[in-house]
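There are structures below to look over.
In the two complexes below, chain A is the common chain; its partner is chain B in one and chain C in the other.
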Partner chain A sequence: MRKWRMLCIGIISSLLITGCWDKVEIEKRAFVALIGIDKFDSKDGKKNKDSDKTKESQDISRNKYVITIAYPNTGVIAGKGEGESKYIYASVGQNIRDILGSLNNRIARVMFFRHTKAIVLGKALASDEKMLREVLDAIERSPEIGRKINLMITPGEAKEILNTSTKDEPVLGLFIRELMEQSKRSARMADADFGYILRSLHESKVAITPRILSSKDQFKIAGSAVLKNFKMVGELGELETRNVMFMFDKIQSTVINVKVDDLIIPIGMTDSKTKMKVFEKDGELYTSFDIEAEGDLEQHMFEVKGQPLDNKYIQKVEKIASKTFEKQIEATYKKIQKDFGADLVQAGEYLRKHEPDTWKKVEKDWDEIFPTTKVKVNVAIKIRRIGVTQ
Partner chain B sequence: MERNNDQISSVQLGMILSVTIIGVGILTLPRVLTEAVGPDGWIVLLIGGFMTLVIGILMAKLVKKFPQKSIEQISSSLIGKFLGKIISIGFCIYLIILAAIETRICGEIVKAYLLLHTPIEILMITLLFTASYLARSGIEPIARMAQIIFPMVIVIAIGMILPVIPEIDLSNFLPVFKTPLVKILKAIPIGFFSFIGIELILIFSQFVIDKKNIKKHACLTVGMVLAIYMCILIVTVGRFGIIETTHTIWPSLEIFKTVDLPGAFIENIEIFIIAIWIFSVFMTLAGAYFGASLLLSGALGSKEQNYFVLPILPLIYYLALIPDNIAQAGDYMDKFSNYLVPVYVILLPILFLIISVLKKSKGGKTGA
Partner chain C sequence: MGFFEDLFADKKEDERIKMPVKKDYQENLDKIKEILGSCDDVIYREFNMAKEQKLKCVAIYAEGLIDTNLLNDYVLRNIMGLSLDTDIEFRSVKQKIYEAVKDGVIAVSDIKEVDDINAGIDSILSGDTVLILDKWDKILVIASKGWPMRGVSEPSTETVIRGPSDGFTETLRINTALVRRRIRDPKFKIKQMQLGQRSKTDIAIMYIEETVNKSILKMVKERLDKINIDAILESGYVEQLIEDDWRSPFPQIQHTQRPDVVAAGLYEGRIALIIDNTPFSLLVPATIVTLLQSPEDYNERFFIGSAIRILRFLSIVIALLLPSFYIAVTSYHPGMLPTDLALYVAGSRMNVPFPAFIEAFIMEAAFEVLREAGVRLPGAIGGTIGIVGGLVLGQAAVQAGIVSPLMVIVVALTAIAAYTTPNYSIAISFRLLRFVLMIFSGVLGLYGIILGLILIFTHLCNLKSFGVPYLSPFVASEMTMKDFKDVFVRVPLRMMKKRPEFLHRSDSDRLGKMRQDIKIEGGDSNGEE
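Here is the complex of A and B:
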């Protein structure tokens, strides 16, 4: 009797209590590593015959976005399966959810976004305020996509980036993530993840995103794109981006070149600290950057005796380096003011926090006031080491 | 009611209270505080904490006067049998609503972040049945469960916060004291209501053996919860800044999306956080549920509490399903904390304490 009762309970519980709506076997998951979002271009649909979106691409009013996703063939990566190392699919539609739904009609797997590493936006999309805002909201609202992903803007089209096949790392998303980590060392690109971009956009409607460029089989993450009022307004070159990173105090290491006498001496920065201040003086607003940096002298001239190992000479190099660098940063600041009028350095936020009284005065027309602010840069570069020869 | 599992120590009471107070409120706390007073949220939280401390001490004083008595017996002896019954049934309804809120929000979070295709009804029913099992077993299993869960929650939560700490920017709390005083005063209820759960002292104290330590452990509990809240607030606002904190619905969860453990070996930490948060919600639910069944059995004159656990379940379930969407659930929560909470958390203990003092000074009948 007891046995029967136990059996009954067992059967009932296995019938009624088990069950899972969300169960997806791991081989049935598509771990989307990289997403590319583009603005739909009707010409583009006709040109691109190899994908099957040609038929629907006539209907322009319904098609606004092109989304390309890439996910790795997990079998190949584990070294077991065969075939291509990644799958790429693309579809068009009115909004992101729509497109992902229609992608699901083609992929026999469940798309899984928790391990997404990067999202690439095409320039055409980023320059359109409404679309960019839609995309940003869709990403931010999603409970799956984290804030550590990299949101990047490419000057061309995002799907070109996804179609690039790299040689040494099959998973594109991971490759981009690793590239970001590596590129931080040269500091020639914007060290900005999605969390920063969101925060900055919420705070001051301005942000800077990394720029990604691709050729046939190579990527390059360099420079940055400037967003203002939720649309892309311009790009910053590599060195300008580095200077902005100095203003952000996000530099880990970089190299600056200094011209001393006739020599161009590279100084490898090992450590840098920036203090930003915004203050009012004689009725004018000043933004000041105090940068303290340490570096190594990495190259001089063969067979020049006695120069690098001379304190006076080092001090001279330091002085020139600081001066040069001050000018560079000042120029970048002025460029940001003049070309974009964008408060990238969050001077407004600084005022709100530290000088609330001043902020109240300027808050309303900050967009006009910021381009008129003055900048003061103090750089103190110290050269600590000169290598192993004189 | 002299079963051998009806005794807990005051340390256990403190632990029950800690895991009970930390419930659904912690997820929205940084947002509501920042919405109300901007960067000065910590001041409001601090004031709320101190108010709770005072209320907790008052409650401890009250229950000390009536050892081994349930809240229903206390209120009957103070304001008469009929009114006492009304009060305890009202208290029971209060706890049922609290349980319903916890259930609903827990279901919403799990559905939003973890199980996207599972119906919320299933999520809520499983949670409710598990809680009812614990509530049926009585106070001692609840206390032991709290003892297991409490250190787990604390240790894991602290471990998960550590990677965020280097990215905190404390300047987000500037400018200090620039919020108008009126605004701060208006926001104090928010700070105070995040400590809902402290009123369970009134119900659970009848099981406590060492009455004289209740006060000490109630204070410790409030202090600890305040520290945890403060931690979450500082981390969230420090990382997100004021505007983004107010922009996200559950900033305390969203903050963990910005965390990458070194080497990116483990991603999506927010899932671990939800997992341990569910423990805490579960304990809040179990505590409120047990309290409700206990009050109901007392009001109906029954000796056993566990018969009343299952009949309450459909009620909680039904109440939890009333709000149409998450925004409406928030509205109902606000109504709950604006009307019912002040009565049962602030008014009731103070009133009872005053009456008991008056009665005592009249001489003759002492409460005990």
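Here is the complex of A and C:
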């Protein structure tokens, strides 16, 4: 009995005396939905009227970053409270940890990053190698931020994105997540989460990230930014990004326009599969993409008898579509080679994994060799459905 | 056969203090009156018979326990009608009583000659009539039991939709009959014994000789013999005195009000104990799986039976874990929730003055209070309590902002889920453990829940019911693996060819080869390979 009593006291006290660890009630947390990180600019300080602060914030040697966070007013979401649907706070400082610390002094809640949907980087920051490496490292090390969030780059400043108020979805982060989901259908933006970016950067020092643009009350996630050697080296347009996504075999659905005779026919892709290969032939390196895609013919001309139903005609459309598409992808590949010299498609990785002998030869000068590689694209587009007309 | 006879041989016979019946009528009567003094319900009906009223005679019985019609019309009238002229002695009285047997009113076995006054007194108190005749050194015990009893009615617990609706009553004999009606096998044995120094409660041990596991039967008998208590008022008394581990929160013996459950248990090779004066009989051994089964699982087709059973297992998980999970997620791990839900929960908890743990504890405790009040109140008011408590209080608490609406949903869901368990005792165990887990989770979050579950499972692995592992077939040997056919799903009856293995019973075949000679039209008639 004595033994039992001691055991019980031991268990209970070890439970109760040690306290409640990291217990924070859910309503006491600030669910940071969106983080914006910008390079500090001395003109940022001028807006601040508070004289002491202004001096401090103008001091470029001390302040490197501006971090803006946004979190939703949960009361509004549950239909309980009133007021603004989101809170936005910004602070400046030497490094991310510092800034979050100083933000915590101003927010009555505990910041919580598990539900963060996106981190937006300003272009100025992304173009600075040292700062981008610092930021990426801080995010990668953080146990709270997962690999599924989206790292985006905006051509302007990140805080502008955060200050945009959308009418549709009150929670900014959720809005961006939904937007990402939707955008995957048109495939005009880089389908790249933080996990991919990290992996790609670790492996080949190159990656693409989605690009986010904003106007007064609208967002647009389209196109992509190209990172090379840990800094942003350029941007890809929407169609180019789509072509890159085809190379990555990440297309779910998209629309391509094909000019047949004097008609421009949109073909809605429903399924696509890409096989990439890198091989050596006659002393030259080739990168080949075999793309098999299926799609629907979505528009022709009213009252044109017979044509879309005609097997030969369909084959002709398929052939032209394939050819057009081959050219587009080739062009994009060449643009990547020429403009960025960056091995975005990870041909080097492919060689390292599948052709180690070849890789050993080219490994050292890969940065020089990649822009000289040849590309071969084989596209086979099949039209499966032509829709119903009378 | 020797085993069973040895086991139930009455070893207590010698211990009883005998009080021999004397030839002197008055002495016998005085002795009984002395022992049964101040028992005003015992009636002494003295009368004289024969020439000059010489033969003195007394009928002693406890009023209310006997069938007065039987006594008056067939016993007393018969002997009183003896000629007053002749000189008769006790033998002819005896003869007259035995004549009643011929009329078919009393069975021969209902009349006993006893030479021990203590035995006679026991008989009086259990509803028999004792007849003392002058100048005879024996007394006559006539079985005349007959007291008002409740008829067979639907059991108040363990209700099923499809299945018999007769339930046990408070009378042992009716209960054994209800089971016997389901097992017309001479190998089905009912052994009776008495327990309780004062209450002398009848207990029937029931088993089927060929399916029962002898060592378990022996264990049951030994544990029953060890009981030394003044009174057994309900089967719960027996249960608590013979269970393996009284410290465990889990019931290790199944109780049931349903004769079909008892019969099914007996066919499986288990042992049933029926206790007088209570409609709850006991089934041993019990495992956690048997406690979660309902007869309906077998009465319905196996799709439905299995689906319902899976549902029930899910409900137990909900009943045990939902509140603690709610606490853990809201206080420690909001990252686990989908974002939209997390934001909603956070919003709905805004301005709630208590931490989730206190909130959950208050609400769960409040519900338990309501439940208890509902049980104690008379039926008509019980329903009102449900409405006042559940709807009005819940709604008011949410509107006052003391609890979050989600908490009310959690409490309601747990409460309802707990009621899907057919066995009341194990449902209580889970309800108790729910509070323990809530404390664990309030202190350590999910980590605490897992710790608590490890503790519970460690205990469960250790627990046995009459030598059978409580968790079987989960803590399985190779043999008991076969019992999984009847755990989460109930396989079709035609696949249940063997009795459950966990009892290690002797006769294992439940289902023989289906009869080939009967052809059922249109379809495969046998379903056997």
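Here is the rule we use: the second predicted complex is superposed on the first by the 362 of 390 C-alpha atoms of A that agree within 3 Å, B and C clash if a C-alpha of one lies under 4 Å from a C-alpha of the other, contacts with A are read in each partner's own complex, and residues count from 1 in each chain.
The rule we apply is simple: a residue touches a chain if its C-beta (ideal position, glycine included) is under 8 Å from a C-beta of that chain, and two chains touch if they have at least 3 such contacts.
Only a predicted model underlies this, so the values are computations on that prediction, with no experimental measurement involved.
Trainee: Which partner chains sit in contact with A:147 here, chain B, chain C, both or neither? Use first/second/both/neither.
Mentor: A:147 contacts chain B only, not chain C.
Trainee: In the superposed arrangement, does A:228 touch chain B (first), chain C (second), both or neither?
Mentor: Touch partners of A:228: none, neither chain B nor chain C.
Trainee: Once the structures are superposed on A, label A:202 by its partner contacts, choosing first (chain B), second (chain C), both or neither.
Mentor: The answer is first: A:202 touches chain B but not chain C.
Trainee: Applying the document's definition of touch, where does A:78 land relative to chain B and chain C: first, second, both, or neither?
Mentor: Only chain C is touched by A:78; chain B is not.
Trainee: Which partner does A:354 reach: the first (chain B), the second (chain C), both, or neither?
Mentor: In the superposition, A:354 touches chain B alone.
Trainee: Once the shared chain is lined up, is A:22 touching chain B (first), chain C (second), both, or neither of them?
Mentor: In the superposition, A:22 touches chain B and chain C alike.
Trainee: Look at the residues of chain A and decide whether chain B or chain C touches more of them.
Mentor: Partner touching more chain A residues in the overlay: C.
Trainee: Can A:211 be said to touch chain B (first), chain C (second), both, or neither?
Mentor: neither
Trainee: Would you sort A:115 into first (chain B), second (chain C), both or neither based on which partner it touches?
Mentor: both
Trainee: Report, in rising order, the residues of chain A that make contact with chain B in one complex and with chain C in the other.
Mentor: 20-22, 114-115, 177.
Trainee: What part of chain C is in contact with chain A in the complex they form?
Mentor: Answer in residue numbers: 329-332, 334-335, 339-340, 342-352, 355-356, 439-440, 442-445, 448.
Trainee: Quick check on the complex: what are the chain A residues that touch chain C?
Mentor: Answer in residue numbers: 15-16, 20-27, 29, 31, 72, 74-81, 112, 114-115, 117, 144, 171, 173-174, 177.
Trainee: In their shared complex, at which residues does chain A touch chain B?
Mentor: 20-22, 114-115, 143, 146-148, 177, 195, 198-199, 202-203, 349, 352-354, 356
Trainee: Please give the residue numbers of chain B that touch chain A in the complex, ascending.
Mentor: It is residues 39, 112-119, 122, 171-172, 174-175, 178, 240-241, 243-244, 247, 254, 257-260, 264, 267-268 of chain B that touch chain A.
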